[in-house]
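Structures follow.
Look at the two complexes coming up: subunit A is in both, with subunit B in one and subunit C in the other.
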Partner chain A sequence: MRSLALLAIGAVGLVLLAAAAGLPVFGDPASPAAQHVSDDYIRGSMVDAHTPNVVTTMIADYRGFDTLGETMVVFAAGLACMLLLREPKRRVPSLGGPTHNVITDVVTRAMIPMIQLFALYVVFHGHYSPGGGFQGGALLAASILLGRMVLGYERSQYLLPSWLGTPIGLAGIAVFAGVGFVALPLGGNLLDYGFLPLGLPRDMLRNWGILLVEIGVALAVTGTLVSIFDDLTVGGRR
Partner chain B sequence: MDLATTLLSRWPYVFTIVLLLIGLYGMMVKQNMMKKLFGMNIFQTAIILFFIVHAYKTGASVPILDEALGGDPATYVNPIPHGLMLTAIVVSVATTGVALALLIRIYRAYGTIDESELLAHLRDEDGA
Partner chain C sequence: MIPLLFVVAVVAAIVALQVRDLLAAAALLSVFSFVVALLYAALGAVDVGFNEAVLGAGVTGLLLVVALYHTRRRSVD
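Entry: the complex of A and B
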């Protein structure tokens, strides 16, 4: 059985190696993946959305529909965890819990706001430096999970109460979808931020649209990751 | 030695293939479901790296437009794989959470997450 599996893995490896020989050379600027839309995005990012970070423009604007779907997948995964694990009547045994060491407590309490400040920087500076809603949301969630792990479940509730995780995730998706749907009654296509009623030139409107969408993504990711962690660790206890 | 030189100029692909096979090994051979999950995550990492390798252009800069570098697309790496994998990483974290939740449910129901023990348990249930 084991040798059969190894044989199959070896065969897959050989097929993949043979296929790799037909791929573009590493670092080839003329590889097919780097043509067409890729060039258009790099040329258009500044003109269309006034955003130097092409990755941000691509995620939130050019391919915003894809990102809306991805955010919903993340939220759906959070819901799945909740449905699988939350049993309100079940008494969850204590996890043993952290030992309440003064040094770790104090260091963690000092670190959490700094991580959160950096997370906000990552979200709001995503137009000009590496960053955006997903990264900032993951950082925000990390700061809360650090509190959950070091301070313990009960004493880290002040960071984000457990019951609030899923609603925040939902609010994030509502912000994203809401910004996207604004264009529809005003005559534009779904997720065309150029139709936001803010009275700015079109490229600046798309710039602002990207920021609003990134905030929505950050909320969705933060809420969902915290809710998944809470479901996995304490289940139905609130 | 033609194949060797061909593959040498594509060495990052070979690396991702090795990583992918390690993940595949974990998923196929390991009996502990938790280790299978780790294998799946390694597999995902291989695919993420595979996309990132495609984004690379020799001598190019990060895909953040800079006036000092001009607007020529050849001076910036391909932004599309970066964006796609950025979302894929977050989605993979969330789906790993679902997988862990399923493992917890399996453990609550059967008291084990070992595949062979589980299969034996299920066979007993069918027989009874």
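Entry: the complex of A and C
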């Protein structure tokens, strides 16, 4: 049975390697993937949304509907964990427990604000450098989870109280969807940030729309990841 | 540089499958994710690499450790 499995793995590997030979050359402008809309996106990012980082324009503006769906999927995963795992009466000893170590405590307390500052930079500088809502939100969540792991459940509540995780995730989706729906009564399409009532030129409006949407994504990711972690460790105990 | 990263990623993945201590396996999966993140960055997909480094190497490793906390640390198969 084991040799049969190895044989199957080898055969599939060979097929994949053979298929990889037929892929277009790395960075080939004539490859099928670069033939349709990519050109418009790369040329349009600066003109349409005043954003040098094309990936950010792509994720938050051109394909904002896709990202809205993705954010909702992340939140739905958090809700599923909540429904399956949240038992407010269960008492599992929290990670970290009573055995506190001064060195890890101090190092963690020093690192958490730095990680959070970097996370904010990643969210707000997403137009110009790699990063954006997802990465910044995940970094924010990571800083809080670091506190949960090292400082323990009770002593890390000041970072983000457990009961706030799911509401923050929901608020993030509300921000994203709210910014998207503003255009509808004003005559635009869903998620067309050019209709935001801020009194700016259209490309700057889309620039601001991207920032607002990224903040929504960051909130949704932070809240959901922290709520999943709390559901896993202490059953969402408050 | 890129072939070296591929080799490290494959070695980390195989060792993660073979090792008996599941905590070590979780750490090795974090190593794998981090190497893959470096690969993404080396191939020019910096945003994807960023995501992989934060979520794959950081948060997923943490969730695996938490899952281990609910079960035993040694693999039985």
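Basically, the second predicted complex is superposed on the first by the 230 of 238 C-alpha atoms of A that agree within 3 Å, B and C clash if a C-alpha of one lies under 4 Å from a C-alpha of the other, contacts with A are read in each partner's own complex, and residues count from 1 in each chain.
Simple rule for what comes next: contacts are C-beta pairs under 8 Å (C-beta built on N, C-alpha and C of every residue); 3 or more make two chains touch, one makes a residue touch a chain.
These numbers come from a predicted model, not from an experiment.
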Regarding the shared-chain residue A:V106, is it in contact with subunit B (first), subunit C (second), both, or neither?
neither
For A:P52, decide between first (touching subunit B), second (touching subunit C), both and neither.
first
Would you check which partner chain A:M114 touches, where first means subunit B only, second means subunit C only, and both and neither mean what they say?
neither
Greater residue coverage of subunit A in the superposed arrangement, subunit B or subunit C:
B
Looking at the overlay, what does A:A174 touch: subunit B (first), subunit C (second), both, or neither?
neither
Is A:D28 touching the first partner subunit B, the second partner subunit C, both, or neither of them?
first
Would you sort A:M149 into first (subunit B), second (subunit C), both or neither based on which partner it touches?
second
Taking the superposition as given, does A:L16 touch the first partner, subunit B, the second, subunit C, both, or neither?
first
Which partner does A:T233 contact after superposing on A: first (subunit B), second (subunit C), both, neither?
second
Regarding the shared-chain residue A:V37, is it in contact with subunit B (first), subunit C (second), both, or neither?
first
Subunit B and subunit C contact sites that coincide on subunit A, given as residue numbers:
26-27, 53, 55, 130, 132, 134-135, 138, 225, 228-229, 232
Show me the residue ranges of subunit A that touch subunit C in the complex, using the header's touch definition.
26-27, 53, 55-56, 95, 122, 130-132, 134-135, 138-139, 141-142, 145, 149, 225, 228-229, 232-233
Residue numbers of subunit B touching subunit A in their complex, please.
3, 6-7, 9-14, 17-18, 20-21, 24-25, 28-29, 53-60, 62-66, 71, 73-74, 76, 78-83, 86-87, 89-91, 93-95, 97-98, 100-102, 104-105
For subunit A, which residues are in contact with subunit B within the complex?
2, 5-6, 8-9, 12-13, 16-17, 20-21, 23-29, 31, 33-34, 37-39, 41-43, 45-46, 52-55, 58-59, 63, 66-67, 70, 73-74, 77-78, 80-81, 84-85, 128-130, 132, 134-135, 137-138, 221, 224-225, 228-229, 231-232
In the complex, go through subunit C and note every residue touching subunit A.
43-44, 46-47, 49-51, 54-55, 58-59, 62-63, 65-67, 69-70
